[in-house]
Amino acid sequence: MTPRKRLVGLGAFALASSLVLTACGGGNSGDDATGDGASTGIVTISNGEPQNPLVGSMTNETEGGLVVQQLYSGLVYYDAEGVVHNEIAESIESDDNQTWTITIQDGWEWSDGTPVTAANFVDAWNWAGYGPNGAKGAGFFEPIEGFAEAQGVPEFDEEGNVSGMAEEPTAETLSGLEVVSDTEFTVKLTQPESDFPIRLGYSAYFPLPDAYYDDTAAFGEKPVTNGPYELESWEHDSEIKLVPNEAYDGPRKAQNGGLDFIVYTDENTSYADLQGGNLDILENVPTSAMSTFEEDLGDGAISEPSASFAAMTVPEWLPEFQGDAGHKRRQALSMAINREQITETIFAGTRIPATDFTSPVINGWTGEIPGNEVTTYNAEEAKKLWDEANEEDPLPDDYVLTIHTNTDSDHQAWVEAVCNGYINDLDIKCEMTGYPTFDEVLNERDKGPDGKVDGLFRAGWSADYPSLQNYLGPLYSKAALAGSNDGRYESDEFDAALKEAAAAPSLDEANVLYNKAQEILFKDLPGIPLWYYSTTAGHSENVDNVEFGWDSMPLLYEVTKTE
Amino acid sequence: MPDNRYEKTPRPGQERYVAPPEEVKVGVIDAVDTSEAPSSLWADAWRDMRHRALFWVSAALIVFVVLMAVFPGLFTTTSPTECHLEDSLGGPTAGHIFGFDKQGCDIYARAVYGARASVTVGILSTVFVVVIGTLIGAIAGYFGGWLDTVLSRFTDIFFAVPFVLAAIVIMSLLDDRNALVVAVVLAVFGWTSIARITRGAVLGVKNNEFVTAAKALGMSRGAILGKHVLPNSAAPIIVYATVALGTFIVAEATLSFLGIGLPTSTVSWGGDLDKAQESIRIAPEIMIYPATALALTVLSFIMMGDVVRDALDPKARKR
Amino acid sequence: MLWYIGRRLLQVIPVFLGATLLLYGLVFLRPGDPVAALGGERGLSPAAELAIREAYHLDQPFFMQYLYFLKGVFTFDMGVTFTGRPVVDVIAQAFPVTFQLALMAIVIETVFGIGFGLYAGIRKGKLFDSTVLLWSLLLISLPTFVIGFVMQAVVGVQLGWLPITAGRDPDFISLLMPAIVLATTSFAYILRLTRTSVVENITADFVRTARAKGLPRGKVMTRHVLRNSLIPVVTFIGIDLGNLMAGSIVTEGIFNINGVGGTLYQAIVRGENVTVVSLSTVLVVVYIFANLLVDVFYAVLDPRIRYA
């Protein structure tokens, strides 16, 4: 069903650069970890049931991601602001941004007593990159040389479903990975990627011990780990208990007596438990409490910008949005959304009107991209543009604009508000088309040579690592037609601009160029930016030092709780 | 509630054949009047019902709700779909007596216009389940044997299907989502309960003396089922159906919640109930209006059901 | 009677086959591609997708998938969910708590429904009857979500009388509030059914006879009126056991109970066919037994009903 998958293998993020990494902090080896003064209370956190084994490269959802982050240490980690610091890495260096030399610190240990070696990284990455292993995070290894050979070439049936392998993988390992010594390995990419080190804090790049390969299935239930915490027990669908790893001597030393993840399926319920004192940290405030939680929770209320960005994608295959008239309609639809009012009224101020295609928490973000005036509400101009477009290229009388969304999350209210705005300001008919499950949306969106969806559809994107490129590339580059460029936007100009940005000599210069590339997006409007999400969370009076990171996940090792 | 079933003096030409023992002398009970021509079941019922105040009250309520469903314009001139966010959760003002919901839509207009979809869904699905359920349940209960086995096990199989799964599958196979389609989906999974209830009631009735008597008189089995067994089994069916009517209207909200209910442009009580849940902490009063409309509708049908049951009950009827 | 029960038990087999086939047909027709959804917005690599499809036999035609399922049932190894848990474990975990919850709800709704219904029927048309009618209307008109939410906020959070959520290994006290919430809609049904049957039977010949015999009023009401009014109520309770077990999605969510309703719903949304069909099949078996009990009970309530 998904033709996008035919194209996998062309390289999802086509970037060339010779950027020297500047964001990476100095190699601290754990001397700032304060072992003393740590509290002993066990912190309870609301979470969902992890959908995958507790292994970095197998985890692609936030529920499991949060647990995996506590269990494993990778080469680097992100602080609350998204700044990258070394954890196990001693240094990550490259002269050309294509061949990277990574050295790791001595003295790290797995919970079974074996040392953490360079080979633990290389083996883990090879395992994840080898197609038949079916790792969910395999895509993160695509930039590494030899990925295509380890994946093989799939075969598709007439509907676009993967039906078999046209060519089996010719290699079991990635040729770009090489172990130099116990503490050093090299990575050769297929092309320069300036932000490669920034990516390495993502859980897919975590190492795995030798014990993993004995029985991969059993390992995921009771993993051997190297992070600030160890798994004590995992009672499915109800509770995961972690205890501090006494041997851990890195920068993320646990400041509490342990973590207790409680599985909830309803956010209203976890909110009630927080209010009732049964829960310490609430990851998500329910929609019904959006306008009251700051009052309800007092000092325990947390509301800060996050790395998630929402837009409505305008599919390229719809004739009414092509050509000059189509371009005017895109502008009209963007200008007819009163973002201020919707974020205030529907979301009680927990979303921030978007003025670009990325997120304010990312280094390099600026709200001042030329062309972003279309994100300012202007009903008159919108109506004028819509009418002009209709003179050039009339729509049928019974035209109904549809906005497609999955309804297994809270999307109905804002879709209705946006539609009402269109009805009032543009004098058109507008309706929501809902899908009860996420896979049905995928199915509708990606069916056939073009998508099947006959209207706008919801697009939400959260960065996996804090980089402007992680929004623009996956959402709108031609290389990502295979991946998450679901509106099938194709622009040589935009692709060239991304390439130029990746080749910039410094991160700051790269960011300037990425923002220049956004000007092209504002001209073409492949999507209509809506708003940035906020992290809306809360904690009880029993815990202190609760901080949420750039990725909306709490920095749990910092939390203190006295018994 | 007034109830003339216990009237002290029987009207001329009619006699009770059963009555509360403390009020009627044995001689009166035994004096069955055979002079009048036998009248049909429904004519009898009608004669009984039209003398009851409760009948007219519930009928008036039903007419009111149906009128609202057919001609909402009679009750309000405000459009239920003209919504301005600046009015969000606004209190009552002139011309908007109940105020506004979260989207800034007029609550009163939505309560009025919601009647059409909700009453259609409620009545249609109830009619569907009663027809299918009663038919299958009555045949299974009355004829018994292998017919009972086959029909009852068929009911079991249908019962196995989770509502959400079936709704997702059926709704996605159909492009058109209107009240009729929603009613069909609700009915496909609602009939099993009513089939079981009918079967149980028929099992209880079919061994009664009057059934044996009818058999002895040579009545055909079909006629006995239709004329004697079913009317005497009607009470639980009517009760279940009138309560189910309300739950069907609420169930439509579940479908809307899943995104497979009526289109968002269709106003319905169920949909509004569902939407009001989001504001339950700050504006719980929004929920009162669709819930009251729903409660009134269910009330009118429950009262009507009571009257009809009383009227159909041969033990309480005068012959 | 024993012969009848034996025959009924044998009938489980065709119902099992029919129900699983129907269910499998439905999950097969379910729109969307659950494997694709596993990749989220980013999508899975084709090799990973293929590996998953093969592991779950999703690349096989309909009948092969069904046969794999049947084989799984008979070997008590129905494979694993997308998260890697054995389906058998999921069933073993979800059913006990749900069963306990459903039983508690049934006891609550039966005791109060029959009690109030009996009294309302005796006092037909009086103040008590009308009050009870209005209360049951309220319960019918408000979605379960609202009742649960309000109870949790008031009784749990504000007053602190009962635990806010049930959590894992819930005891009787923590299941009390969810059981009450779960019982509300069915309570309205039982109440109306009882009341109407009582109204109907109170005028019946045998009641008249019993009273003429000089039996005390209380005895007449319980021995004769109530007993003969219970057939529709018992039928409903039989149906309701199944409904309560499968349909407590909302209540389980509100009180964080890890039971059948929520598990089934999640499995449907995620497209985990084997889990959906397995859980539903267990439900069918429960339902069949509940109905068998009901049928046996008919004969107890009304000696004229006989089974050959």
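Letters A, B and C mark the chains in the order given here, with residues in each chain numbered from 1 onward.
Here is the rule we use: a residue touches a chain if its C-beta (ideal position, glycine included) is under 8 Å from a C-beta of that chain, and two chains touch if they have at least 3 such contacts.
Keep in mind that this is a model prediction, so the values were computed, not measured.
Engineer: Which category does the touching pattern between chains fall into here: line, ring, star, complete, or other?
Structural biologist: Topology of the interface graph: complete, with all chain pairs in contact.
Engineer: Of the pairs A-B and B-C, which shows more C-beta pairs in contact?
Structural biologist: B-C
Engineer: When the mean CA coordinate of each chain is compared with the mean CA coordinate of the whole protein, which chain is closest?
Structural biologist: If we average C-alpha coordinates per chain, C lands closest to the whole-structure average.
Engineer: Hey, how far is the Cα centre of chain A from the one of chain C, in Å?
Structural biologist: 40
Engineer: Between chain A and chain B, what is the gap in Å from one C-alpha centre to the other?
Structural biologist: 50
Engineer: Compute the distance, rounded to whole Å, between the mean C-alpha positions of chain B and chain C.
Structural biologist: 22
Engineer: Counting only residues that touch at least 2 other chains, which ones in chain B make the list?
Structural biologist: Only 168, 172, 277, 280 qualify.
Engineer: Could you check chain A for residues that touch two or more other chains and list them?
Structural biologist: 408, 435-437, 440
Engineer: Give me the residue numbers in chain C that touch at least two other chains, ranges are fine.
Structural biologist: 31, 149
Engineer: Where on chain B does chain C make contact in their complex?
Structural biologist: 1-3, 18-22, 149, 152-154, 156-166, 168-169, 172-173, 192-193, 196-197, 199-201, 203-204, 207-208, 235-236, 238-240, 242-243, 246-247, 250, 253-254, 273-274, 277, 280, 287, 291-292, 294-295, 298-299, 302, 306, 309-310, 313, 315-316
Engineer: Given the complex with chain A, which residues does chain C contribute to the contact?
Structural biologist: 31-34, 36-53, 55, 59, 82-85, 89-90, 93, 149, 152-153, 156-157, 160, 164-165, 167-168, 252-256, 258, 262-263, 266, 269-271
Engineer: Write out the stretch or stretches of chain A touching chain C in their complex.
Structural biologist: That would be residues 1-2, 4-5, 8, 49-53, 60-61, 131-136, 138-139, 151-152, 154, 161-165, 169, 217, 220-221, 235-239, 262-266, 268-270, 272-273, 275-276, 278, 408, 435-443, 446, 460-461, 474, 482-484 of chain A.
Engineer: Can you list the chain A residues touching chain B in their complex?
Structural biologist: By the definition above, chain A touches chain B via 287-289, 291-292, 338, 341-342, 345-346, 405-408, 410, 412-413, 415-417, 419-421, 423-424, 429, 431-432, 434-437, 440.
Engineer: Which part of chain C faces chain B closely enough to touch in the complex?
Structural biologist: Within the complex, chain C touches chain B at residues 11, 14-15, 18-19, 22-23, 26-27, 29-31, 124-125, 129-130, 133, 136-138, 140-143, 145-146, 149, 185, 188-189, 192-193, 196-197, 199-200, 203-205, 208, 211-212, 231-232, 234-236, 238-239, 242-243, 246-247, 249, 264-265, 268, 276, 280-281, 283-284, 287-288, 291, 294, 298, 302, 304-305.
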